[in-house]
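What follows is a structure written as structure tokens; I'll ask about it next.
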């Protein structure tokens, strides 16, 4: 299937859904699901159809440049990943969004974001890359704002940072054009080979700012917690799952497809090596946001901070430039997509059923009311932590191993500490939502509807599938790495085959299953316990008052008191400070226009005098 | 403070202007001293002075330049005046609707009669000036201004009388259109806008200069009606 | 081929005829501007292919260029006159029903004359004639700004007039100095001689011209009138003022600096000026609460960017500038037109009162959004294509000076994004204010929807296929850059 | 001395221009500002005419008595000045009408107090 | 075949040794306190007795959590080499470690998570506030000791340049033991052993007097039996890991167990004499001395590489 067909379907879907929304709501929902599923199908079908046949110049002359689309392993991999998560979110939206206003807008924007992202990965040149990037940016902005209230602020924050990034990217892209006269990604790789390292660094910086903003690398991350928590949950899933990871795609594209592995590794000397500095940024991005996540009480904010933190792992793996590390980075990207999307959907389901509550201090005990959501949450946090049998484990293992064998234990330490922070905070998420006492008012909460359960269960399946048989995605990643000139890994279906440092998920899986079976057997051997209601529990002789005795507020209080003084988001504070000062300056600037006509005339005459003075003093002409 | 800054700035500007004149020759006078007033070029109007009479048969070279060589400017100029008249009417529109009819006393009989007596004479003088614009100093603008002064007199002397707005509208429309029509006929006949397509006659006769007197008459009417209209509007009389 | 002079003569004639027509019928004058601009549009577009081959030199009164006034319909001139006619046409259609108070017939006359002035400015080849048309443009805008006779309009008109009159006085001094030096007023003739003189006097004359035209072009610090005038005028006039009038001023500066003087060494100064204008404009726009004032300040910013691009002195730079003139003209006209009816609807110009208008006026808000996105430079709208061209041109120069300026200028773009997107958010995602009166007179008539919708469609179409305009940009840039060719075309030989 | 004699006209007209500008700059009264603008305009017109002036020249009008172009001053600036004067009149008329309306609305002509539009 | 034997054998060893260690612990403490103490096999008796007692359950997760915890611990055992090298080969494999090629130390670290997580899930399902408090403490304590522990493990891994435990053990046996090559790490690891085992002074998770045994408050019968088994195996795993990392593993199973016993006795002496601390103090302690020591050692190791 040609990339053109995919894009046409994507954009036409967005348009049609909007129009259908004017006609009938069922038609709209149907079309939305249909087109997002059709995209998954189309992309899946086009697997392996790479090469020149699928390079299409769709606008031959855009101000003297060619706009082209192409399909290659990297593009295909990201495309299918985008399409699947988006499709799941759209299906989830069916019941989540039911009865809300402006649904035509909502669905068409969902599909437009999707189309924009597909456009990004399918573009064959940087101009179309930029165009689709921007389409994605502004449609995202509109979607974030959709929920109103504080979402508006989040949306503004997002779009301003995003605009800064786009400006930087535009400069980078057009500098490439000025230097080499082409923007075709395929040609740029050869063209840039001979340029000086300073120039390459400039390009990487310019692009890096754009990608970094989207990717929420540490000093550029501040939009993300707000945006993720304020967006509607299905879109948060897309946002955190794939949209943010477009930055990853960008980094991969620029660093390895264009600049090339060798140049990257030799950029700078010793400690001040480009990829080394990037890795440190990644490591910092892991630790600080993860611990900030620990302090959050808003379920989605907590997940959003984890989204930032997990991004650090990807950068860490990717920046290292070893086969294993990059594979880990890419693999972690899709893994993260699967479980963070899952978690956002779960939170969405809870939110849906409890009437919009996502404050962790006010929930609890929902396990009995919403078992599927609980299961999804459990699997999700296992993935997020990286417990064995989940896909998160494999990719993290790759990254850790890279760090240790490459001799960077400090980076590894930060990654590990980040993992521990993750464990603490996601357990809090699980505990405060599903475990403990069920508050009185949620007694009547019903199960999540089927259209929510399907995506949740689907992601659970994916998490385990890739966790036990990581070879499936890793094959595809291998294909990507081949095009970038990495040494091939010794892959097997169940992990990595290379001597003592090997990984065999199948063995671990068997061992765990057997151990499970044995323990279950043991349990059967013992006396069977009597089922009692959840509330009927030991409380030193008196019964526990229902709904009032749930330990969730300040769950990790001792730790909060210790670390919270150190974990203010000072970057965000700095941005606010700067914005505040800038506004002050703006206000002062406005005072130039005093409203007194004489002053304006004075300006005119001073301008004239200035010109004459300049000429007298410096002979400007 | 403000005065000081203003003076300083103006001083710089003045210095700049002063230094302008220190260099090469400036203006027609400078050129003539440097002996650079050549006739084949457009150079300081030499060409018009030497060949204008022969080309347009109009004794007043300024009229020739105004109506023919730089007639396009004149069209713009007429337009500007038109804009001023229309704009002024538009701006004062609301005011005129609000205003109440003035109850000023009528002028004394002597003034009244004197104005009525002078009025046709003034019109005649104006007409004379614009009709002879191509021969003597003066022309459409000057004539038009004189005509307008006649209306001013009527306003001052004979309260309650004046131009009828419909009449003004028709006059300014038709005179403007006449100007354009003459110019466009030139375009149609000779392929050039404002072309002096009529037989030019012999110099210094009343019927000479081709289209120049025609256009001057049109301008005269137009300027007269527009200035009249402006006066009418500024007088603030209620309608 | 029709003579380009008809672009001026025909609308002028129609304007002259309106008072008579107005006597005959009250309704007819409303449609005259539409006819005039339709004629102009058809003629300019049909002239475009000819102008691309070679500039059309039109003589008046039958004399060859140096001896009389002439028009030079080069690619740039015809492109701009097409733009003027296009926007003029759409705004004229909008004006049919929009103008509800005051002397409506007078409005239509002034409206046509203003556009005639702008057309004359971009077509003329004579520096004094340039001044005359400039005055036609300016004086009719003074009148139109104050047209309604309300307090803000009159105040803005008076201030505009004071500054504009000073500006035109300065221009006239500049012209006098030029004439005193060369004894000619034909731009090509001056251009042919200018290299032979090169003295302080020339610079002073240039300074006077730049300052004088700069007042209309809204270069900082000459733009004190702009926010007042653009915000107080009727919206249709604001659209023309922002979309066309200030561009005419900039065109005049470019023509003088490039063609007449060939003063490439003051371009860096203009570039700095452009960026300063951009930043000041955007910074002032940021805190505005009045929608039209905000749009006006945003125009200042965009003018700065255009000036900056013009000052790049490269073909791509100037094409970028011209492209931005086109895209900003379309977008700003759209924004003012759309806001006009929104203001009618809500009865207030406060941005906060426009909250939630997306629901009440869906099409207008959608079009406004398109225009705002285009101004920010988001693809796939036309603003992106133009800003893209400019950035490309800057990086193409490879000069650190310009790239640094660009980097500073991009901050302005971000600020612009911030305040426009805030408005868009308000339209769709903020609740309408409780006390907003549901005014029935805000019902949008068909005659307003068509131009606004058409502008939005144009913005999108040209954004998707920039080649539509792109083909003209290169020749237009050469038109400005290539002095010798210009002189040769005009002077014959 | 020779400088003064040959440039005395220019000194005159530029003095007018600068005085006009000064008035506009420092006088807050709208009418005075308009007068300043007109002063400046007059100066400019004088300047234009002066540019075309030749020492001891004659008016560029032929008659049956005078048919020699020699010694005629430049007719072009005179045409220009004609245009400029008319434009000046137009601006003046508009300015006065605006002044009337401003006074209607604000009850004052002091520009320092007419600042409803600012910032 | 040997693989299967190993798979069966190593959890079994862990179970037996772990349970005996538990018994031993009580005996030792009693002796230090000048009491007689229960017999060393008392835990076995307890487990069997509890298996037959009928208890209550708060739902499927309440039980499954226990299963998860125990299963995780069992699998962890399989990843840890329990002695044996080329010198003494009880089986075809050189080392008693059934899953030696399945990810190494990194997997061990993650598998050790199953225990606390399973218990936390089970306890959380019970809606008992004491259980929740206990779980919260458990999580915090884990974070507290993991920071130095990670530094320790990383120092060892970079010292020997491998993430495979078997390889690390083999390297130690060829050259010097970990306790000599990374001494500060060994000290740090020893300091946090009580925290990892959840014994005094860090027994605040299951503090019976304060929060009614915390997570265990609701458990009884079969479940409590399995939790006891899990505790025993966890004890075994931790001590075995220490031996593997710092004391060169064991030439064979016997030496391995002897080393384990030595370490265990040392730890129990601390357990016997120190009082319980608050969770805040536990965190502060863990993040102060052990962390500093481990950090210094890691820096030295990295710089000397």
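Going by the order they are written in, the chains are A, B, C, D and E; count residues from 1 in each one.
As a convention for this text, a contact is a pair of C-beta atoms (placed from the backbone, for glycine too) under 8 Å apart; a residue touches a chain by one contact, two chains touch by 3 or more.
Worth saying up front: this structure is predicted, and the values here are computed from it rather than measured.
The chains touching subunit B as well as subunit E are A. Here the chain-to-chain distance from subunit A to subunit E, counted in touching steps, is 1. Of all chain pairs, the one linked by the most C-beta contacts is A-E. With every chain reduced to the mean of its CA atoms, the largest distance from subunit C is reached by E. Ranked by how far their CA centres sit from the centre of subunit B, the chains are topped by E. Note on chain placement: the centre of subunit A and the centre of subunit D lie 68 Å apart, centres being C-alpha means. Taking each chain's centre as the mean of its C-alpha atoms, subunit A lies 43 Å from subunit C. Our note on geometry: subunit C versus subunit D, Cα centroid distance of 28 Å, whole angstroms.
Averaging Cα coordinates per chain places subunit D and subunit E 100 Å apart. In subunit E, no residue touches two or more other chains. Annotation for subunit B: residues touching 2 or more other chains are 2, 6, 9-10, 13, 16-17, 19, 21, 26-28, 44-45, 69-70, 73, 76-77, 80, 83-84, 87-88, 91-92, 95. Shared contact sites, meaning residues of subunit C that touch two or more other chains, fall at 128, 132, 135, 139, 142-143, 146, 149, 154, 157-159, 162, 166, 180, 183, 200, 204, 207, 227-228, 284.
Under the contact rule defined at the top, the touching pairs of chains are A-B, A-C, A-D, A-E, B-C, B-D, C-D. Partner subunit A is touched in their complex by these residues of subunit C: 158-159, 162-163, 166-167, 170, 200, 202-204, 206-208, 210-211, 214-215, 221-222, 224-225, 227-228, 263, 265-266, 269, 280, 283-284, 286-287, 373, 376, 378-380, 384-385, 388-389, 391-392, 394-396, 398, 403, 406-407, 410, 413-415, 417-418, 421-422, 425, 428-431, 465-467, 470.
Put simply, subunit E touches subunit A in their complex at residues 7, 11, 50-59, 61, 63, 66-68, 70-72, 74-75, 78, 98-104, 106-107, 109-111, 113-114, 117, 120-121, 124-130, 132-133, 135-136, 139-140, 142-143, 146-147, 150-151, 154-155, 157-158, 161-164, 166-167, 212, 217-218, 220-223, 225-226, 278-280, 283-284, 298, 301-302, 305. Against subunit B, in their complex, subunit A makes its touches with residues 598, 602, 605-606, 608-609, 612-613, 615-616. Across the complex, subunit C is touched by residues 17, 20-21, 24, 30, 33-34, 37, 40-41, 44, 47-48, 51, 74, 76-77, 80, 83-84, 87, 90-91, 94-95, 98-99, 101-102, 104-106, 114, 116-117, 119 of subunit D.
Remark: subunit C residues 128, 132, 135, 139, 142-143, 146, 149-152, 154-159, 161-162, 165-166, 168-169, 172-173, 175-176, 179-180, 183, 185, 227-228, 231-232, 284 touch subunit D in the complex.
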